[in-house]
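Pasting the structures here.
Presented sequentially are two complexes of chain A, the first with chain B as partner and the second with chain C.
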Partner chain A sequence: METTGSVGMLLQILIGGIATGSIYAVVGLGFTLLYRAMKMVNFAQGHVFMAGTFLGLIIANRFALPAIPLLLIVMVLAFLIGVVLERIVFRRLYHDHDVFIVGAIGLGIVLMNTVRVFFPEPVPFPKVFGERLVEFGGARFQEAYLWVIGCTVVLVALLHSFFTYTRHGRAMRAVASDAEIAGTVGVNVPRAIAHIFGLTFAVAAGAGVLIGPLYFVSFDMGDMVGLKAFAAAVLGGINSVPGTILGGIAIGLLENLAGTYISSAYKDLVAFVILLAMLVFRPNGLLGTSTPVKV
Partner chain B sequence: MRNKLAAIAILSAAVAATSAQAEDIRIGVIAGFSGPGTSYGIGIRQGAEMAVKEINAEGGINGRKLELVVVDDGSNPGQSVTAMQRLINDKVDLIVGGWGSSQVLAAMEPAERAGMPYVVVGASNPRITTEKNKWTFRVLQSDTLQAEEVADIAVHRLGLKRIAVIHDANDYGVSNRESFVARMKKLGVNPVEVQVYQTTDKDFTAQLTRIRASNPDGLAIFGTIPAAPAIMNQAREIGIKAQFLGTTGIANENLITLAPKASEGTIFATMFHEDVDPDARKWSDRYVKEFSGGSQPPRPVLAAWEYRAIKFIVAPCLKKAGTDKDKFRSCLTTWKGRIFGLPDEAYFNKTNHLVQQSVIVQVGGGEFRAYKGDK
Partner chain C sequence: MTHQPTIRFGRLCAALAVLLVLPFVAPNYVIHVANFVLIMTLPVIGLGFITGFTGRVSLSQGAIFGVGAYVTALLTTKLGWSPLATFAPAVLGAITVGTALGGPAMRLAGLYFVMATIGIQQIVWIVLLNAVEFTGGPQGVRSIPAVGVGGFEIDSTFSFYFLALAMATASYMLAKRIIASRMGLRLRAISDDELASSAVAIDVTRNKVLALVLCSGWAGAGGFLYAHYVRYIHPDMFTLEPSILLLTMSMFGGYRSLEGMLVATAILESATEYLRPFGEFRMIAYGMLLLLGMMFFPKGVLSLFPRRSPKPAQLVKERTSDA
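Take a look at the complex of A and B:
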């Protein structure tokens, strides 16, 4: 066995932490996008992530697709499912935040139990990102870790350019800052909201495909990831896209570091202690801005 | 008037017929059909279904059919109390099942209070069968013996010197770690690293990186599916080449599905192996045939004890003592008999624990093989 010093150990922890953190960040983006547009929190986000993994699994088992087309197909399908669900269910729930939250929790339960009927046990995901091992500086990890990190960067860049440079993206931002005024200047508000909803589904499902090959997939895998992604969004600022990315990666890194150097028994605690501390001391998050109550 | 009388006569005859046709004997089955224990729960359910089907096909017990009442405890100790309470309220005659030491330790409390005979088939923590349990019986080997046996093999037969341990933080993982480490120390070997994880963890980079730094030649994994195969996969990925060891927690065919390459060579103590005797092989073939092709593959290791407990221990006692709980319990305490897969006659000791030897297997060529002792 190669000798691995404390530098190799630290590197291993950092890369693992950034990879899992990227997943929290991408899933957390779903919370952020919807919150910015609607001031609503979709607590089914983690289960959409899980359903996306299984969608990817079913497709990958049937057709031997390379990673990128698989990711794109899953994301497009998830987008469409999101738009349809918004139209037939969630649009009716916007009038009341409490009702919306209960509806979202309901969606999560439905998704989880539907998948459970077909996959009651954890199953392995095909290694769509290859099985090569990358080694440097005493750290060894699957190539898939790099895919996760790389895809997160690309995804965030794409989202950013979409919201900044395209007409449709700007229309969504207009709806997010003030739906009423956006409507009066000609933006199709219901459509923009439906598309934002679809987008939150697409990013969650994409994250699901990214993480699939790293671990086994099971119908209850979305619980913890959803909660940690929510903690990531709150840490960074739930109305800030860069904040959520930062929050996700910070939580991924911190829980891995705490797991190694303090005690692995308290690994999961990190995200929730951060969540509580942020809610008490800095509810707008690191990069978030407070939204003044409109009168 | 005559018509009325005739009607009454027919009615009373009908009533007499139903009461003569005795009620079903209801057997509760409790296990995890969701959560991390799912793949074990499925095996337990299949074993119960098979045993009950066979007994009913032969006419039941003293003319009474067996009926299963299956409840899910979500592989969660809190829920297992609720599940047990449901079975007690439902007035089942006895319970055969239970998977996971933490779940069983929690669920046996209400069973003891209600005086409900509870035959445990899937939990190995020594604290389940002490002097205090009156109604809880266990047919499975306890952690202490298994972990000690595996420690002996690691040190004596494999000659491992640098052994690391990673274990679940639950009652199963902790008691295995305690027995294993204590035995190793007696043999003059100190573990080079001990790490802990939570049952639902998916990423073990943090623990395994520490373990890798200790440069082990053996790694004992005291956990269950899906964590244990994930640990094996991730350990091999980051370059740990140590020999994997374990106990009944990983005695589940799903281990090989989830860690096809990484689990190869793993040595562990299990509760059943089909090659121990010809009858075990015959049963296993029959079982695999019956449950193949469904959405869940057959798992002989898990089904074996549930099947054997119902067929060889519970059924004879029901036949002899009936469903009166006190009589049934005392029948169990004096039960003695041969069961396929066990070398000697088995019986319950004074703590209601079935005395038996454990079976050591090694993963090889995608299956569990009886361990012969060569490296």
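Take a look at the complex of A and C:
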């Protein structure tokens, strides 16, 4: 890129970082929503993200849909799948968190390898967000980056209003803070939990559709994104929604900066060093409220 | 799942007798699978110190196992050490890495400790993969020599079986000894109730870190065996996936039952080996195994065969935890 000076390059790195960070934040929201409600971690989240991408790919190849309807259809389908899976699978794993983790990882492996049977090689995703290059202050990037960032902002705003202003959203928050009491005041707790699972699936699948057009998509793309999104959730505080968004963007930025200025080989290390350091020194995360985790 | 601290020598001798006869009657492929089972018993027993005796679940055992394998592989191929001489460095290397990274995380409770070990697992794997000039990176380490004892090379499946069996037996008996010792008693006390055990003057942190040292040491010994059996190692052999498998083996066995863990290791490891020809369908079956196993037998496979009479204390504990 001959026109990009060092300022332009920095800007380019920042925008790329915010876009990747948005993806981590949205996938990480799935961890946060579930953790608040159930005190469980669903390590299949990354694979749900990958499955969402492929769901979008199949639909986009079959029907030429514009970006927004495609995104909505995938999210609604993912929501329904999440509710069904909660009913037949996750509900049987609530014994304790070890059982849940291994079971969820098992589900992730099943998802990943089922997709692998049909798509053994990386495939290109239709460019639903356009292919124009945007030039801005000496930086050049694909239009899709702006879509990722814009959709994330809209999605987070929608989720926030849902949880703040709607009856059902408030019921879910009540379940998250105390399921038993929520039940006594008339909230349908199992239904709220099923819908929370549905939401975590929907956000992950939505993130999958957003990232799809930027890269080739492959069956193993969910592993790393899922674990980094998880690191993002821990960085910001796994029980805090704003924290997770901040954490996701911070990890996306730091990783892009480290990849450019320090070492591209160790780019992937950033998220996990942050994960370990945060857990050891500040397990509540940047914005999390206290949880008695130390003994 | 009550724990039997003493070794039942009668049963042990019977099991050993069967295992000693096995290679003379079984086909080569069965011995090959048996070798993997015996190798895997080491890291699984190691994991038992953490899961069963401090109540924590670690997802980094595969990485620590890999550290042991890499230490011995690099010392033998790059510096020309004799394989046997690298046993101690492999164990020490695994202990160093495991304790340096995991030690600070040991004070975290439950779920948060699992999260931290996932970080450790990924850090070790990324370093193995990217420190190219040191570990060979994605190329892996090739032509690792076989273990030689007094001029005799243990380079066949058949002869390796006896080495693996000897090490697995030794590590089982040693682990039993440790669990029955005062230290094992302290670990069991911590796993039952950390607060109560600190009230009777057990240094909780110190003992938990000791459990981690044992856990990593056993993983390092397993890695040593593994490197000298497969003779070629690669960073992708030590990803999150084997860590999950190792954890599942120790969970399917039921907490605090070394024998249960060994049975679960034998079942799961041979299942994954025999499923190998099925490619991606093998992984689907394996994922289903984890998922359905956790859905229907959350307390381990041996919980299918209930012990005759649970001790009163345990009954009380179960009733109170149900309430």
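To be clear about the criterion, the second predicted complex is superposed on the first by the 289 of 295 C-alpha atoms of A that agree within 3 Å, B and C clash if a C-alpha of one lies under 4 Å from a C-alpha of the other, contacts with A are read in each partner's own complex, and residues count from 1 in each chain.
Methods note: a residue touches a chain if its C-beta (ideal position, glycine included) is under 8 Å from a C-beta of that chain, and two chains touch if they have at least 3 such contacts.
All of these numbers come straight from a predicted model, not from anything done at the bench.
Counting residues of chain A touched by each partner, chain B versus chain C, the larger count belongs to C. In the overlay built on the shared chain, the residue A:E121 is in contact with chain B alone; chain C does not reach it.
Using the contact criterion defined above for the overlaid structures, shared-chain residue A:I101 touches chain C, although it does not reach chain B.
When the shared chain is aligned, chain C comes close enough to touch A:L93, but chain B does not.
Looking at the shared chain after the overlay, A:D268 reaches both chain B and chain C. Residue contacts after overlaying the shared chain place A:G16 against chain B, while chain C stays out of touching range. Judged by the touch definition given at the top, the superposed model places A:F63 against neither chain B nor chain C. By the touch criterion defined above, A:R140 lies against chain B but remains apart from chain C after alignment on the C-alpha atoms of chain A.
The residues of chain A shared by its contacts with chain B and with chain C are 116, 120, 265, 268. Residues of chain B that touch chain A in their complex: 33-35, 38-39, 42, 169, 195-198, 200-203, 205-207, 209-210, 212-213, 215, 225-226, 229-230, 237-241, 254, 257-258, 295-296.
The residues of chain C lying in touch with chain A in their complex are 57, 59, 101, 104-105, 107-112, 114-116, 118-120, 122-123, 126-127, 130, 132, 194-195, 204, 240-241, 244, 247-248, 251, 280-281, 283-284, 286-296, 298. On the side of chain A, the complex with chain B involves touching residues 1-2, 4, 6, 9, 12-13, 16, 20, 116, 118, 120-124, 133, 139-142, 214-216, 218, 220-221, 224, 256, 259-260, 263-265, 267-268. Against chain C, the residues of chain A that register as touching in their complex are 39-41, 89, 92-93, 95-103, 105-114, 116-117, 120, 223, 227, 230-231, 234, 265-266, 268-269, 272-273, 275-276, 279-280, 283, 292-295.
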